[in-house]
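The structure appears right after this line, and notes come after that.
The letters A, B, C, D and E name the chains in turn, as written, and every chain counts its residues from 1.
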Amino acid sequence: MVPIAYYLVLSAILFSIGVAAFLVKRNIITIFMSIELMLNAVNLTFVAFAHRWHQVSGQIFVFFVMVVAAAEAAVGLAIIIALFRTRATLNVDQVDLMKL
Amino acid sequence: MQVSIWIYLLLTVLKVAVVTVLLLMSVAYTVLLERKLVGRIQNRWGPTRVGPFGLMQPLADGLKLFLKEDLLPAGVYRPLYILAPVIALSCALITISVIPFGRQIYVKGVDLFQIADVNIGLLVILGITSIGVYGVALSGWSSNNKYSLLGSLRASAQMISYELALGLSLVGVVLRTGSFRLRDIVDIQASHGLLSWNVIGGLQFVAFFIYLISAFAETNRTPFDLSEAESELTAGYHTEYSSMKFAMFFMAEYGNMIMVGCVATVLFLGGWTSPFGNLLPEWGGPVVQALLPVFWFVIKVFCFLFLYVWVRGTLPRFRYDQLMGFGWRFLLPLSIANIIATSLWLAFRAA
Amino acid sequence: MITFVPLAGAIVVALLPRTGKLIQWFTLLVTLATFGLTLHLPAYFQYGQAGFQFEENRPWIASPKIGYHLGIDGISMWLVVLVGFLGPMAVLASWKAIETRTKEFYFLFLIQQTAMLGIFVALDMFLYYGFWELSLVPMAILIAMFGRTRGPQAAIKFFLFTFIPSAMLLVGLLWLYARTGTFDFVETQQYLAQNASLFAPQALWWVSLAFLVAFAVKVPVFPLHGWLSDVFSEAPTAMAMVVAGKLGLYSIIRFNLGLFPAQSREIAPLMIALAVIGILYGALIALVQPDLKRFLAFSTIGHLSFCTLGIFCFTVMGLNGTVFHILNHELSGAAMLILFGILYERYGTYDMTQYGGMSANLPNMATLYVITMLSLIGLPILNGFVGEFLILSSSFGVHPYWGAAATIGVILSAWYMLSMIQKLFYGPQSRLVANKAVPDVVAREGLALVPAAILMLVLGVASPYWIRAINGAVDGLVQNVAHATSTLTTNVAEKR
Amino acid sequence: MRSANYFWNYVPMLLQILAACGLGLGMVTASWFLGRHRNTKVKLEAYECGIPVEGDARGRFSVRFYMVAMLFILFDVEAVFMLPWAVIYRDLPRISGSRLFGFWEMLVYLGFVLVGFFYISKKGILDWSSDKGDL
Amino acid sequence: MTDVPQLYRILPEVILTITGVIVMLAEPLLAKESSRKPLGWLSVLGTLAALVSSFWQLQLPAGTAFFGTVQTDAFSVFFHVVIAGIVLATLLATLDAATPDTEGLGELFALICLGAVGMMLMTSAVELLLVFIGLEISSISTYIMAGFRRKSAKGPEAALKYFLLGSFATAFTLYGIALIFGATGTTDIGKIAGLLTTSQTPILATIGVAMILIGLGFKVSAAPFQVWTPDVYEGAPAAVVALMSTAPKAAAFAVLLRVLFVAFPALHNHWQPLIWWMAALSMTIGNLGALRQQNVKRMLAYSSIAHAGYLLVAFTALSPDGIAAASFYTLSYAAMNVGIFVVLSHAGGMNDRLTLIQDYRGLAYRSPLLGATMAFFLISLIGIPFTGGFFGKFYVFASALHSGLVWLTIIGLVNSGIAAYYYLRVVATAYSKPVHSDLLDGIPRASVPLLFALLLTVAATLILGIAPGRVLALAKAGANTLSLPGATTASK
């Protein structure tokens, strides 16, 4: 039996990696993926807690998170395509038409 | 489960090894089967030289491919280029772990005829199948070859499109069973033989039809083999692969065929159960009792494989827009309709 | 009730078509009606009494408790009448000056009237604050729209100068509300008077400072005067007439003295010093200022600083003088502005140096100029004298040295005013004046100015009549201050 | 104990995964070492049926493939919702007290899915042969 | 099958959903060249129906439905009405700004309706799951709306920035929810409060609340999570920004209020200082940032950051008055901000011809109606009395002072003083001469939808400024439904 703390630490690490990648990476797709990583870290947390509390609501939450992640992925990809069409780059540093 | 963990593990390892080896063997002989059958369909012999009736042909092929020069073309993205066939093959081999191919018989706490009896077996299958797309997609992209890329794009688009219909076609089965566990699914089909199989007794013939077509598309087989349409794309996504890496894609394809056959058998064709149900009296000792279901199972899978080859020998290839249109426009709504019909039927039957 | 006559007029103006002089006539009618209504106040005012009359108190917003509480006392009554009086004057003054976008102009002008009347009659501090802020908006927009060259900038400057401190005022108001639970002026006053010991003196001091700063900017008191000259030079005459002085001074008297007598007492030396500096500063700059409007702006600073001085002497005489001087100055200053405006209409410049020797061509105008000028200087029998005299004499009584310094200001003001008149009307004719034949004062202008001139005379001669009304309210106020101070000192003594 | 059992169910699967991956990797490695390597420049070029190689393969390709990917993501996840429903469907009348509760609920859900399906279909996203869906 | 009363609880959402779906389905069925405006009017009708049904919900007894996930009470109705009003004005503005060659108009209408469903769900959700779902429904539709002008270079960029940062924020919110679930074992907002007082490990919950704050802080563009705001506002069409800058914020604030005051009053010692700083920072950064903007929409973006700050001030008051003030502020901010964007949208069209402040020079002369309304809304944004903006600020700061937050109030009011400058600059520009050349050829005649939209927003702003009593009463009723066990620290 794996203690819950392991799951939590793992998900926290995953989440942090996601955050770090989001902040550090420059490729839009990679940034996008790091967000997905964060969401999945959250899913892991939910499942772990759902197991701990014997509450199914945590798992239901995971379902919805997955749906949302999917919807976001679709929308995100669409936006990226639209962006690529006008800008022909996937580097966030070059997406800087609007600045202070 | 009072067996020592180490014995349990040892036995499991043994089981895994046996199953894997058997699977690889059947992959090899499925290739031979295909060559032979297609040969017959086209009024020729197929391989005959190596061994009696060409039975040693697969081994010779394997050996040859092993010794071929392993090219690593200049423009490829190496990590993914190497990883792609591994993914493809592994996914084909992993699915077997949840398939029950015989009655539940424990020896020292180890289930003889199923590697892992998990309660979400169906989900595992779906999941692993999805991962299989990566092998195809990555191989095409990492090859840095236009044929490969187009081939893999086509293949992955096709696979994911048909995966939808495939996934939805399984919902009907799950509706009837109320479980993802493959053994439960088989058990519910066990009572009246052929009549209680999902495809007939479960009124899932539409689902079976959808599954069948989707499965052909999933494995990139004729008539949906556009990803490797020789006439336009050379060999599709594995154009740049040679030697064993090429062989691995090949094995993955046939492995997947077998897996699809197994899944179809379990889900729609009653799994290891006898088509005659209780009509036939039980006979033979415990060993026979144990092995007979495996026999039925193998027979059913074999029939399925035969169908595969038969279709390949008979049907022409689709056009790509027809292919995608068929999947999205026809199969998807159809599978949803099947779900609605099944649920309605179940609701009224339960009353 | 009076308050909203202009507002109703404004709405009608907004709906009127833009044809001909209809809007002007209508606005004139509205302002005259307002004036008529304001006259009703002194007619029925009970003189010599402290406290508020004509009160109207209705709940407006349940929570926080805000009432629609109006009322006037002796201080505000004349100011209300003054606003009423200046209304038609301003309309007449802008009759020709404003030719484009009359609709917007008169619409905003009437709103401005409403806001100012509201400020003087509001007894609910929240309502008061509302009108206070509201008065900024039409002003700023009008300055932006009709400014000479740098209208928008001047408007922003004006707005910010007055708005930011009034944010502090709001903090103060809210704080008071949080502590007393009411926005009503009278209730708050009583509460503060009775429960002064409940408050940390420092807190009250800060609040009073917030009030004071907001008002002082509006006056403007010396270091906060930066906006005035810009506004004067940019704003249309009708607006410049009403912008300065009375709102801020009135508010200081009403709120700072009314609510925070002790704190006002404490800060008085500083304010007196600033006032005197303002008097001298205004006068000195005015001496060298060639632009007529800016000239008047600095002279205004000087005059209003007199009022500040009068307020912070805390004597009945001083306050009487202050209120009176506010009236005077508004009247005379407005007249002066109109006169400048008339010149501008004719010659198209505010540059003093380009004028000269006009008295020959324009004798009537010269007369009006001289009367107004004398009133501003504070010549006896004209109105300016009474106010200045009262203020100066009270300040001599309290702070002789400052009083003496202020007297120098009076002398200076006489100097610059006279030199201005001299430059404009006497001496050799300038090229501008010589080359351009212009009419003398026309009937419309006369209609605006002659009553003003007469009023200056009347105010100067019959001052007791006016002061009678002021006196009652001021009396109460001074006692209030004295009382608060004594309690404060006794408190301090007790603590010692 | 139940949960321990639960975990042990997966151990064989883990072993199978290990075996499969090991096999795959092993094959790749083995063939690399077994075969001869005689590389030439031309041999290592991308294979384009013998014609000299033109440009890079990582160019842009039809946006339809992206469309399919996006649609797949959406519809696949929508399908995921049906699976737990399917599992519990036969128990729903007992839980909800209404025989067709589960049916209607899923019908509403499927209705929305079909609305989306209808929309993309009418928008021409599924028409591979025309360029109407070129978004 | 759901019995009837349950459905009543989400009646406005249902109406809007159906409207959105119908619009979405009708869109591809219409001929490609035919006008999409009927769809817009259909959406307007649907929104009106939703508005009416929200009011109608007031007479239902407060209560929950759907397994305790939605709750209709005065609070939710208040925000429903706010959102429906915003949507209404936005739809009208879109109808006005759209030209026959505007692409994807039908989808835009559908998205607005469906996004509104999400926002409304957020306001009535009493279950974190539903909060999350509503949040995402609204976010995803706003992501798409932000990139509405997909052919322009700025549209997709705005959408991308909004999308990336928005989903980033979502992940934080979600993690926060997960941790709270971990700490309490429930995601029911009502139950959390009861469990937390006895819980032994509030540290998880504390972190969770902080995470939720971060996530929702992004959504309401509170500093230091405000970076996306200017870019998104600049890139999206003005009509859409009218919606984006108000409705999702209103919803997010509603959620924040519910979550903080219903679920976590016990932890107010932890979150109050955070909000204090967020409020102070937002106000300051927003106003200072706005000072140096040349682009009107960017300026308004910074101003919206500042307004989020003012709103957060009300949170720190920790009193029913504060909640009511926040609700009220949301409404008044919505009225005036939507108003100003309606004006911008009409002047600039769907393609934002006019971007810089300078481009609006002389607007008041070219089009007195637009100029006057623009000035009116800006004045309201400054917070001049007898406009909604004033009472909003007033209540907020009054409640803050009531709770003894003198410094925050002073920061806020000084900020609102600074803010006057940049708003005024626009007013002054609109009223100065000569008229900018871009304006001379371009402003279309005021259309019927524009007049409706302006009427709606002006009336709302004025009513809030002159007779706020009734609205405030409703806001108070809403505030009282968020019971505050043990969180009232108002120092009288």
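Note that a residue touches a chain if its C-beta (ideal position, glycine included) is under 8 Å from a C-beta of that chain, and two chains touch if they have at least 3 such contacts.
To keep track of the chains, here are their UniProt names: A = NADH-quinone oxidoreductase subunit K; B = NADH-quinone oxidoreductase subunit H; C = NADH-quinone oxidoreductase subunit M; D = NADH-quinone oxidoreductase subunit A; E = NADH-quinone oxidoreductase subunit N.
This is a predicted model, so every value here is computed, not measured.
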Chains touching both chain A and chain B: D
Touching both chain A and chain D (chains): E
Chain centroid nearest the full-protein CA centroid: E
Maximum inter-chain contact count - chain pair: B-D
Most remote chain, CA-based centroid, reference being chain C: B
Reference chain E; chain at largest CA-centroid distance: B
Intercentroid distance (Cα basis), chain E paired with chain A, Å: 25
Rounded Å distance between chain B and chain C, as computed from the means of their C-alpha atoms: 94
Centroid distance [mean C-alpha coordinates] between chain E and chain C, Å: 42
Computed distance of Cα centres, chain C from chain A, in Å: 64
Junction residues of chain D - those touching two or more other chains: 69, 71, 76, 100
Every chain pair in contact, whichever chains are involved: A-D, A-E, B-D, C-E, D-E
Chain A to chain D touching residues, read off their complex: 1, 63, 66-67, 70-71, 73-74, 77-78, 81
Partner chain E, residues of chain D touching it in the complex: 98, 100-101, 104, 112, 115, 118-119, 122-123
Residues of chain C defined as touching chain E within the complex: 60-64, 101, 103-104, 126, 129-134, 136-137, 140-141, 144-145, 151-153, 155-156, 159-160, 163-168, 170-171, 174-175, 177-178
Complex interface listing, chain B residues touching chain D: 1, 8-9, 12-13, 15-17, 19-20, 65-75, 82, 85-87, 89-91, 93-94, 96-98, 115-119, 123-124, 141, 143-150, 153, 157, 160-161, 163-164, 167-168, 171-172, 174-175, 178-180, 234, 239-240, 243-245, 247-248, 320-321, 324-325, 328-329, 332-333, 336, 339-340, 343-344, 346-347, 350-351
Touch list for chain D against partner chain B, complex: 5, 8-13, 15-17, 19-21, 23-25, 27-28, 30-32, 34-39, 41, 43-49, 56-58, 61, 64-65, 68-69, 71-72, 75-76, 79, 82-83, 86-91, 93, 99-100, 102-103, 106-107, 110, 113-114, 117, 121, 126-129
